[in-house]
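In what follows, chain A forms one complex with chain B and a second complex with chain C.
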Partner chain A sequence: MSTAVASAVAAEETDEPPRGVPAIRYFLSKLGGAAISMVMVILLGFFAFKLLPGDPVALMAKERPMSAAQMDQLRAQLGLNKPMIVQFWDYLGNVFTLNFGDSYVYKQSVASLIGEYFWNTILLTGTSAVIAIALGLWLGQRAAWKHGSWFDRITTGTALVFWSVPTFWLALLLLMIFGGSLHWFPTGGMMSPNPPPDALGKVLDVASHMVLPVITMVAVVYAQYLMVMRASLIEEMGEDYLTTARAKGLREDKVRTGHAVPNALLPTVTLVFMHIGGLIAGAVTIETVFSWPGLGKLTYEAISGPDLPLLQGTFVVFSAIIIVTNLLADLVYRLLDPRVRAA
Partner chain B sequence: MRNRSRTIRRVSASLVAGALLAAGSIGGAGAANAAPSNDVADGSPSPAASASPSVLRIATAGFVDSFNPFTSIYLLPTNSIRYMYENLVANDEQDGSPTKGLADSWKTSNGGKTWTFTMQDGLKWSDGQPITSADVKYTYDQMMTVPDLGVANGNLVSNFASVEAPDAKTVVINLKAPQAPNPGVEIPIVPEHIWSKIKDPAKYPNESNTVGSGPFQLVSYKANQSIVFKSNPDYWRGAPKISGLQYVYYTNSDAQVQALRSGDVDFVTGLTSTQFNALKGAPGVTTHSGVGRRYTSISINSGMETADGKPFGTGAAALKDIKVRQALRQAIDNKTLLAKVLNGQGTEATSFIPSSFPKWSLPADNPAIIKYDPAAAEKTLDADGWKVGPDGIRVKNGQKLSLRLLVDSSSPTEQTTADYLKPWLTKVGIDLKVQSSDSDTISDKSTKGDYDMYFSGWSINPDPDYQLGINTCASRPTRTDGTGGTTQDGYCNPAFDKMYAEQRSALDETARRAIVQKMLALNYTDTAQIAIWYGNSLEAYRSDRFTDFALQPSKDGIIANQAGAWGYLRTAPVAGSAETSNSHTGLIVGGIVVAVLVIAGIIWVVVRRRHADETE
Partner chain C sequence: MPDLVFDDVSISYHTSGRNSRGEVAAVKHVSLELPSGGTLGVAGESGSGKSTLAMSVLRLLPRNATLTGSVRIGDTDVSELSFGRLRAVRWAEASIVFQGAMHSLNPVHTVGRQILEALELHITDRWRTEKARKERVKELMEVVDLPPEKADAYPHELSGGQKQRIMIAMALACEPDIIVADEPTTALDVIVQKQILDMISSLVRDRGISLMMISHDLSVLATACSRIAVMKDGELVETGEAHQICLDPRQPYTRQLASAFPVIGDPASRMNPISRRERPPRPPVEQRHAMTDEVLLEAHGLNVTYHSGRRSVHAVRDVDFTVHSGEILALVGQSGSGKSTLARTVLGLQAADAGSTIQFRGKDLPHKGRQLRAFRGQVQMVLQDPSAALNPKLSVYESVAEGLRVQHFDGNEEDRVAASLQEAELIPPAEYIGAIPQELSGGQRQRVVIAGALAIHPEVLVADEPVASLDASVRGEILALLLSLRERLGLSALVITHDLGLAWNIADTVAVMYQGRIVEHGPTEEVLLNPQHEYTRTLLAAAPSIRDKAVA
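Moving on, here comes the complex of A and B:
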């Protein structure tokens, strides 16, 4: 699903920001693009899932001794007996009131469900993102400064290996070793079934549940930050201003951290913004393996349900996150890179 | 240039600081999130909420629509409701036969049109109120009169004309037509004094502090995290020996296996044979393979028709020929499939009633049973006029004997079975086209009759009436898109229907059994489906912590997913077993990791600041 969204907005990602365009026009054109993407997503959210094969009620009632009358009753309860156009109208109403209707399975509004699970996902992906970015950028600039060295080869090689490893496989492997065999960390969930009563205990409980999923997520994503940081720093390294800095008598470390790195950060910051949305969507696998009660798991359950309103809700929300973060990436890029806003 | 790099430095420093702040506040949100679930547990009067060694923790990935016995249709809540509410009549432990529930005894009169139940003395709800016939009448009346309350079990009361409660201990069910299957089974009875006060019972989730009559009562439910039950000390069969049950959510079944190994849970079910074998010999773990309630078959499209005889779908014309269907049966070796595909974890099937219900199941020595015999299959087809063509595939009237088989691409079992079937059928001159698809598409196509063969299966209840019923002509769809009816294989044979009506009113069980056997034999000969196996349910539990799990059926049966509430009823903690040193290491390591991260973040920000100061 997220890949579909990603490709839908890919056109914008690759767009070079037009140079020398007045701020307001630049802003409006980006906003317009985002709005069009959003409308497409909302339409797709209804029709794509309506085209899915299978009658939701028949699938829900699979293997349960139910009569046709019982199934018709259920269909009426879920509003599935209404004509398509009425269902579409209801859907639009639900989207614009940010309610998304009631989940078939959970029997509560999809908006409240997403609200509940959203913060759990943010906790997991936010922590992972901060660590992955810090680790990637730090290792990247170190590797670039001494590129070709053993340190460079080992860090870059390791990062690329983790990047190529299937997330699912790595997650299960960690779970087996550190959960099942060594008992160091819990095997799933966000907190113990019987969490400690005190606040500190609770924080530590959640933290211990986070360790394995965060390690997995960091391991599979930090390489991209490392590679971009490394590449852009290597590009800066031949620049004259570094020679100037050295001529001033600055220590090598200071030349790197004070002069080269800040300039190399520019493309990286844009990358960071563009990937935030993808990170959240990418949590599906990790949340599924580690039974983390987040949006990814909710989506997984919605698909297996099939829980149409929930599926539509998560689809629209995931897409909106990606569209908004892409928009932010564009705007931040303009803010950071004077060449883009140079009139 | 200097100016610019300073700006960037500031921006990057503030970005990092912002990110850390965000992470911090999110951490706070996570902790705040943690609070409610604990409050619920604290607020409960039950010892089940504390980390006591006598709470049995069960791994699950099950969907929960609600714990409302009137409307819940998913497996996990349905099983939970079995533990929460007694029925008038229970399915016994030995083989699922009707046995004492809320009712002590029952008798039929008026040729099976009237059933009179006498309730046990001194029954109490878990809140101490007496259980009376009024509660039973209330429950049945709600299901009969409010359509929304009939969603879960409406079919079980569709033959009810009226229900009377002449005194506190007597329930009289007047039926529209005589009925041999006991009408008191499978309907959870709810307390009137609770449910009559609920404003909209159909929408009531019933997910905390329930009042019921069963051995365990629901304390709290947190979606995708846990379901907590405490034992009911007043349960009439005797209080459970464990203080409660706790379902813990694990989305991934491999993670469930790891959770059992590490001691995070005490019970897992639904294992694959690979997982099952991996757990054999794990310290403190005992594995159990039990005869399930489920049959697996190849459903054959022998010409789909609506209930009033309008044909629909795309079934191959050749399959309307009973000889072709019987030849398929002769060409398929169930024994090999069971041994190779299922690793022997099951029983060879005869019909759609599993051997775990020996009273009803078609015995393997029934004269109707056709043996695996590819040579006989060839003879059958030869005699039927199907001549082998130049490419080895049989032809009759210019029509090739080529059949489609739908296979669920996510099911290794179906795929492997198809791999065996293809050469077997080719050998006797039948071309098999295997079509891999997702399960939703298969479900859709099977409803519309758009198939020749597909893998099908049902979990069967102790009384075979429902399953026999969905093999009658009248149960076929009313519409040509396949909706408006539930049919097992689209089967229709008036002789079968006639016997169905007979067994339904055969109050003498021996007589009824004889009729049901004849029906299964007829369905077998007609070959509307080829039942392959009754797969075992593979389970495992921490035998170092708990003992005495009860099986249903008591010989070689299953623990979880029973048609009853016996599995954990007598389960007891193992003497001397302590709470496993549950993830204390994890807590400490987690704490250290968090601390290191926060400190590293602070140092980084400070260093950045200082650099900025220096260069300015």
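Moving on, here comes the complex of A and C:
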């Protein structure tokens, strides 16, 4: 009986469950990480642009002749003649009040420009991202489950072809065929010059303008999601817990959707969110080709200006979007994987 | 209740691709019968086809497998069922207890939900409603002695023993007639292993369930099964009553399997591990190196505390021990007892708390720089899993020579590597030098690890569970090698293990570790045959033995 006591003690020791990190601490630590990234972006947003070659005032002067006095006056107006540290201090203050100054080209405050174009970009890239992620993940898990089959080869092959195609080339091709020749869809902009008066008509009008840019964007990025999902599901397919599920009498499709996919989603989620950065880079090309009034097009114009305050603004906003999505990825991951809650 | 019958079952795998070996026969013409309410053990080493046979009961073989003959549950031929019928048979008529300590539970679902899923698939009058099913889960948790709230835990929140209990609860869920247990206690501690085996045996007995248990360890089968079948290379070697198989085996192979795990107290296996290989003759007794009085490694008042955040774990508490020249000391304990931490600390891989002393040849353990490197030349480590310990990209030569290069060895490297391989009984060395780990068997890999340690000519080997991940027959070979290194070269060893049989096989002295303390320390015979501490007695009582059956 003394033996029984000792063995009970021993069993209790191995029973000690690992302790979890409280949700609030996890959230705060991830938030802290995101804040540090944001600070780095803000610093870079100032110094990188100061290091750029070319005097913005001289560039502006190229377009319309200016006297030296006028140029000095412009410098003073833009705050460019102040010492670096003062300029930096002003910049910091401006960032926190979301005031990036006035665009050199648009002669309008950068904040209002970005505010105007921000939601257009979110509409375009958001729609494309949702479609591309859903399509990629769905095809990816189907392809993985039957890897080596014709379905697998055709879907992955097609996806890789689209992935390899240059974005602007595909965009122009679609524009020429469906916009220029067939006249199925408008060739550019976000709304017709004379939009229908009713709300439904307006929505349909915007939707028809979105078709081509969304198709282009989805086509060039969905392969990434497909490949990630396919690889991580193939990884899971040999796992013992799937045998357990089958032994219980589960149908094969339930084994896939109920057991294998939730596990395969874990590595996928991180990568999906990381790829959103790539999506935003793609937005610059696509918005420019389709004249979509978004931040991408704005960035393109700011670079060709060069319109430094505007560039600074879009740079900070784009970076912020990526940092926020990565933060979301961490939070979603914690919801999906019970082990992270304990880690 | 139905019988389970294997009638002339052959199973082969069709392989294709680059490393194709064509058709590989995993099971060859096996006929076995498990009568209703009976218990049948299937023993064999890895590659014997025993798990393939177990999977065939519910037709869980991979798609590239073909089965001939028939597997019948009562009158139903499992291999001929439609998939729909088969799914109804799975779990409701026969269920499987997988090796739950490993990866058989889905990490993203709570264990309760995984049990519930089985109930939802096989609804009967007893659990027609959601509420009744929840009740059933609660009831099952009680059957396996777990608090009901553990149903809400995720697998990673449970210990190995608890996970195994969940696997058992899950297998019992739909009240099957037959339970197949596939290595149900492998990777568990002796004490937990005993609890699980006792639980399976009593559940099977009380409910009249038929049990088919698969294991590589005859002594485990002997405690739970009345009949045992021995398999080798897909063929049935011998079938018989458990006590006959264990105590009076007819076939030489069965005898080897039975003797792989020694009976503590049996003089024939003392300082004599059973090896199936032809071994070089042992040196005559008077020329054998043995334990001397010269102290090599000693520790006094050794404490190790891990700090993580505000929590700290006192892993090793006030430990004193010595390793003499030529001594083999077995450090025995359960997982979590602090034995691996102690080994790491002795090697200088983990810092000890202030006030602890560790000395090698009377000098304090160096902490950095050249002295530490010189110390590492004297004390070498052998890890548990040779497949993980060897870099898969390096050839045997590179793996063995690496240590020499770290130690700036200035002799002839090639000769030293060849000599080390020879000492580790990889003969002839030329055959192994160019191989990569993947091309070697488990036992050969462990020899390479040992050769790598020997190359530096150390005085002490620290081996952490050197045979725990190896097959039974290989286990004997590696232990024989360790013993022969002592006899031929006078090498001392500190062997960390949970296996008391290992200590009986090769150790001069045994230290029993419990909750970070050494609770008993002395010559092997004294500690194992006349244990003083209660914990040592618990460990000894928990170790399954093939003799149990004879007594019962």
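Note that in this section the second predicted complex is superposed on the first by the 261 of 343 C-alpha atoms of A that agree within 3 Å, B and C clash if a C-alpha of one lies under 4 Å from a C-alpha of the other, contacts with A are read in each partner's own complex, and residues count from 1 in each chain.
Here is the rule we go by: contacts are C-beta pairs under 8 Å (C-beta built on N, C-alpha and C of every residue); 3 or more make two chains touch, one makes a residue touch a chain.
The structure displayed is predicted, hence computed values, not measured ones.
**Student:** Tell me which partner A:G249 touches in the superposition: chain B (first), chain C (second), both or neither.
**Tutor:** In the superposition, A:G249 touches chain C alone.
**Student:** Have a look at where A:K202 lands relative to chain B and chain C in the superposition and call it first, second, both or neither.
**Tutor:** first
**Student:** Regarding the shared-chain residue A:L336, is it in contact with chain B (first), chain C (second), both, or neither?
**Tutor:** Once the two structures are laid over each other on A, A:L336 reaches both partners.
**Student:** So in the superposed three-chain picture, is A:N263 touching just chain B, just chain C, both, or none of them (first/second/both/neither)?
**Tutor:** Once the two structures are laid over each other on A, A:N263 reaches both partners.
**Student:** Using the touch criterion from the header, give the chain among chain B and chain C with more contacted residues in chain A.
**Tutor:** The partner that reaches more residues of chain A in the superposed model: B.
**Student:** Considering only touches as defined above, state whether A:V105 meets chain B (first), chain C (second), both or neither.
**Tutor:** In the superposition, A:V105 touches chain B alone.
**Student:** Figure out whether A:Y241 sits in contact with chain B (first) or chain C (second), or with both, or with neither.
**Tutor:** both
**Student:** May I ask you to decide whether A:S192 touches chain B, chain C, both, or neither, giving the answer as first, second, both or neither?
**Tutor:** Only chain B is touched by A:S192; chain C is not.
**Student:** Look at A:T127 in the shared chain and tell me whether it touches chain B only, chain C only, both, or neither; answer first, second, both or neither.
**Tutor:** Once the two structures are laid over each other on A, A:T127 reaches chain B alone.
**Student:** Following superposition on chain A, which residues of chain A contact chain B and also contact chain C?
**Tutor:** 241, 258-259, 262-263, 266, 336, 338
**Student:** Within their complex, state which residues of chain C touch chain A.
**Tutor:** 55, 58, 60, 87-92, 95-96, 98-99, 102-110, 114, 117-118, 121-122, 153-154, 156-162, 170, 189, 191-192, 194-195, 311, 334-336, 515, 534-535, 537-538, 541-542
**Student:** Which of the residues in chain A end up touching chain C in this complex?
**Tutor:** 2-3, 6-7, 10-11, 13-19, 239-241, 243-251, 258-259, 262-263, 266, 336-339, 342
**Student:** In the complex formed with chain B, which residues of chain A make contact?
**Tutor:** 52-55, 58-71, 73-74, 77, 104-107, 119-120, 122-123, 126-127, 129-131, 133-134, 172, 175-176, 179-181, 183-195, 197, 199, 201-211, 241, 254, 257-259, 262-263, 265-266, 269, 287-291, 293, 297-298, 300-301, 305-306, 336, 338
**Student:** Of all residues in chain B, which touch chain A in the complex?
**Tutor:** Per the stated touch rule, the residues are 1, 4-5, 8-9, 11-12, 15-16, 19-20, 22-23, 26-27, 29-31, 33-35, 37-38, 41-42, 49-51, 57, 63-66, 73-74, 78, 147-148, 150-152, 154-155, 158, 203, 205, 223-226, 228, 246, 248-252, 254-255, 257-259, 261-264, 438, 440-441, 443-445, 447, 458-459, 461, 466-467, 478, 483-486, 581-583, 585-591, 593-594, 597, 600-601, 604, 611, 614-615.
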